[in-house]
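Okay, got some structures for you below.
Two complexes, one shared chain (chain A), two partners (chain B, chain C).
Our next item is the complex of A and B:
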């Protein structure tokens, strides 16, 4: 049984209420931080813990906090990115829905560390009911004196607001989120300046993922060094993984980083193996935008070592034979899955969600979708595979925000690892005619 | 601050962008090829916060600064990246940049109608120049292109969204030169379009300037549409006493008639002084203007002297295509 920090009390009835949450040791980090620590101490603890951003990029949180520009007389803001829209990722929703107070607690402690008087939780439009839950939790916290003026009798005052977005994927990009929060169209800003210098309303701002902020509480409670002992290497602590796809037990799991991927997929404690006893075909390890890995590469690295659920191990081998842990959206495909059709679904998503500001992403995502549509409809041309490869190469890294990369990586990985399947689609369109969703490559070649 | 671009070093003040530094190098030296300056489709020095969208000015920074000599991991948009002391930038000397620029041109062209033969901008179109200089000779896009209906923005301006490359310059003009903000972007992704607030006409004395800043033929002058081709007209420097603007303009003659009036553009095809709508649309008689003399054109535009003949790459492309045809 792995260590649980965030989801320890998930099965306690009524944990969403303040009363039960406090009985289970909730808001201890707020008391500890506000009464016995200085803001700098909190930042130092987070630095010591080696906590890395749980939203996808894995940037060290303590370092991000210490970059915050702190001029005199200028407001600073903490913004929680709850715009969780990556296909395959639903960990933040789970946490906010069931233990909303862990996020509020983290917001207070983190804001204290950053000296932010106001913080915002930007939540996506589709999570409207979750926003209601959070608002209720915030009201409870205000009533208990955990938010508002002079929290717990100290000089620290803090206000926390929930803002519901319109439901655009792009608003999960931190600068687009800030634009949207300001009431404008959610277009990513051109960086520099980074939000740490000029973010919300031109003031220094830190944007963190829900899970990152919630994890600050156990770090303060147990101490940064203690937290750093959990996990492996530079991937410290625990991580929420939202497992979906062809597995027996899909759901949100809290794992200790460093758990072998094989154990995660096949053990009864976690995913419980592949559905119907089928063979594993491929895994998207961290939400739709990270490269897909075929079974032999996800279980073992190129060097033959077992692959672990950690930032380093999953990205070992670069994009040639590795992937990323991303936001923890673990999608498992069994042997019946068509990678090409799956890729088409992803490409359609990125085309739909491209904001239209910069040309490579605006035009390239649509082009890729059209080509993939042609291929899955059975009208593909032999040159299409190389064309797709070339398009993704010209999008990647040349856009304003990471959406371009996110659209390009799955295409690149699918072609890199499953080129034969694309060729099958293009050369034998008659065989795929009536297949609606799943089809087996083996059946075709037989 | 010292910055080196393609081996040419220049001293620039703090806060200069890479693009501005590159233009300074070209301006300082006697005409020795201006391809040090990256092409721009969306950046406009007179408009604040413009640039960064089209990605055609991407350059490689292979030395960040004197302090931190590491190269930047990605290509950067030269119009929005400020220089650091000792920075080394590669523009045309980097094969990576040239490759990416080809990609950008291709992306800009896939939804462009390529209706140059009937487009009023042809001959002075930035996109034509960009694709001649940096693009591929053939398209690989074989799907239907997006199309829109033509919209009249007020009595003088025609919006032809199909040709638009989304540079956002006109939005910035509407934002920064006119009193009210009526213009913006609708929808998203490759179906996004420039539009006015509920088809509202843009009624402002300086709205005509958005025609000048438009790099393609998406915004055209309704008093000039289909009157002539650019290369059949002769531009003259002229001025008049105007109460609203500086009154300095280019007037474009065909025979003895003035067919259109535009702002005076500099070497980088950017307007020097904004002109008002009265000068632009209503003063079309020779008696309205004091003619100073013929306009000196030194860069771009098919009317400048043999601009494209210097481009060896284009020649090579044509030679290759001819060879292919001969083989068939």
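Our next item is the complex of A and C:
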């Protein structure tokens, strides 16, 4: 069994309640931080832990915290990013739904470190029932003196609120999230200034992912150095992976970073292998935005070494033969999958979710969707593959926020690794006409 | 149907509680939650009159409400059926049969995706990833996630909703104690 820090008590009945959560050692990090540490000590421990943001970009959390601007007399905010809309990702939902107090505990300890009197958890609106679970946990925490004035009899006071969104992937981008939290359209802001200088209401703000914030608790409890011993190299600690697609056991798994990908896919402890004993075709390892890799490149790097579930190993080979760990949305495709049609679902997604501020993203995502649509419908032209390639290149790097890149990368990777499949669609439309290329709904669930 | 567009005292109290979460002068932050409440209370969609009313409560311009309501996918700017069936169609759901779910619903309800049944009971909508990829295929109706769908499960669901005959909204779950 791999090391569990976040999901250790997932099967304990009643772990969603404050009572059981505390029986299992919950809120120890709040006790420890508020009573025995200075805010700066907490920041230092997080720095030592090597924790990297779990929202997708992997930026070192301690460093992000130390950038927070602290002018006298100006409010500072902690905002938790619970927007979780990256296709293939559902680990934050799982954590908040089953162990809501782990997030609330992390919010309090992290806010103490940052000197934030108020924090907000911005959660995607579709997770309304999860927002309700969080609200209940917050109410319990207030009643127990863990939130509100003079927490646990110390000088530290803090209020934490849940804010529901309105349904928009782009609000996961941190500056769009802040706009949305201010009651506006989710249009990303031009950076700089970064939120650490001017974030929510123009005040210094830290935005962190749900899992990042929850991970602060075990770090404070065990100490940053101990935490850094878990994992591999600069990929310290454990990570929640959302596993979906053609595997026997979809779900959320906590892995120790450095676990071989092959073991993750095939062992009974994790995904349990491919459905119907089929062959693995491809994997999107970190949510829809990261490059898809064919079976041979996800199991082994180009150098022939086993590919590991870590920031470094998954990105080894750059975009030529590697990918990214991203949000940990691990989607597995078996030999029956049409990469082209699957890519079309991603292209449609990005076009739908583009906020429309930058022309390369707004127009480019629309064009890519249109071209892929005609290819899957059997009306593709031989020049379409190069056209797609050209469009994605013109988007990448030319936009206000990274959604443009996120829309471009999957297209580039699919063409890079599966060009022959595009050609087949274009040259032999008659062959694809009656093929479904996906499982019938009853074929798996039955 | 033309119900008066006005929140009752209880809802107004809730709205003021929400507005108090933000610093002085920043109450516009409450716009998204309030729009969810308005949609739940006034027939499942945001008519211009409803949006104007929300603007008056927040003391902001109507246009500020329109531009927000039109940006986010959860706000309906046209009437919808009592049960809005939102089927996820993105990758993880697609590879496990989301298209079959949509086709089955279309056949069973005699409408196309995007349409509403004549009795105003059901609307079918396809949506993007709802964070339920590990339990694909799935659909959301109101606050409820229906996961690991089979066609039989879809049938049971439809029957259940039809018998119940109630409007479903995201805020179904006793939101007065929640938001």
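Following the convention adopted for this analysis, the second predicted complex is superposed on the first by the 437 of 446 C-alpha atoms of A that agree within 3 Å, B and C clash if a C-alpha of one lies under 4 Å from a C-alpha of the other, contacts with A are read in each partner's own complex, and residues count from 1 in each chain.
By our rule, contacts are C-beta pairs under 8 Å (C-beta built on N, C-alpha and C of every residue); 3 or more make two chains touch, one makes a residue touch a chain.
Predicted model, so just to flag it, every value in this text is computed and none were measured.
**Q** State whether A:352 touches chain B only (first), chain C only (second), both chains, or neither.
**A** both
**Q** Quick one: is A:131 in contact with chain B, with chain C, with both, or with neither? Answer first, second, both or neither.
**A** Second partner only.
**Q** In this superposition, which partner touches a larger number of chain A residues, chain B or chain C?
**A** Of the two chains, more chain A residues are contacted by C.
**Q** Quick one: classify A:143 as touching chain B (first), chain C (second), both or neither.
**A** Neither partner.
**Q** Should A:320 be classified as contacting the first partner (chain B), the second (chain C), both, or neither?
**A** neither
**Q** Can A:399 be said to touch chain B (first), chain C (second), both, or neither?
**A** The answer is first: A:399 touches chain B but not chain C.
**Q** If you stack the two complexes on chain A, which partner ends up touching A:185: first (chain B), second (chain C), both, or neither?
**A** In the superposed model, A:185 contacts both chain B and chain C.
**Q** For A:420 in the superposed arrangement: first (chain B), second (chain C), both or neither?
**A** In the superposed model, A:420 contacts neither chain B nor chain C.
**Q** In the superposed arrangement, what residues of chain A touch both chain B and chain C?
**A** 168, 185, 352-353, 355.
**Q** Taking the touch rule as given, give the residues of chain C at its contact with chain A in the complex, in rising order.
**A** Residue list for chain C touching chain A: 21, 23, 26, 28-33, 35-36, 58, 64, 67-68, 71-75, 89-92, 94-101, 104, 128-137, 140, 143-145, 148-151, 170-175, 177-179.
**Q** Where on chain B is chain A touching in the complex?
**A** Within the complex, chain B touches chain A at residues 51-56, 58, 74-75, 77, 80, 99-100, 102-104, 106-108, 110-111, 140-141, 143, 165-166, 168, 184-185, 187-192.
**Q** Going by the contact rule at the top, pick out the chain A residues touching chain C in the complex.
**A** Against chain C, the touching part of chain A is residues 75, 84-90, 92-93, 118, 124-129, 131-132, 135, 159, 161, 163-169, 180-186, 201, 242-246, 250-252, 284, 288, 329, 331, 333, 337, 341-342, 345-346, 348-349, 352-353, 355, 436, 438-446.
**Q** Could you please specify the touching residues of chain A with respect to chain B in the complex?
**A** Going through chain A, the ones touching chain B are 168, 170, 185, 190, 351-360, 362-367, 370, 387, 390-391, 393-395, 397-400.
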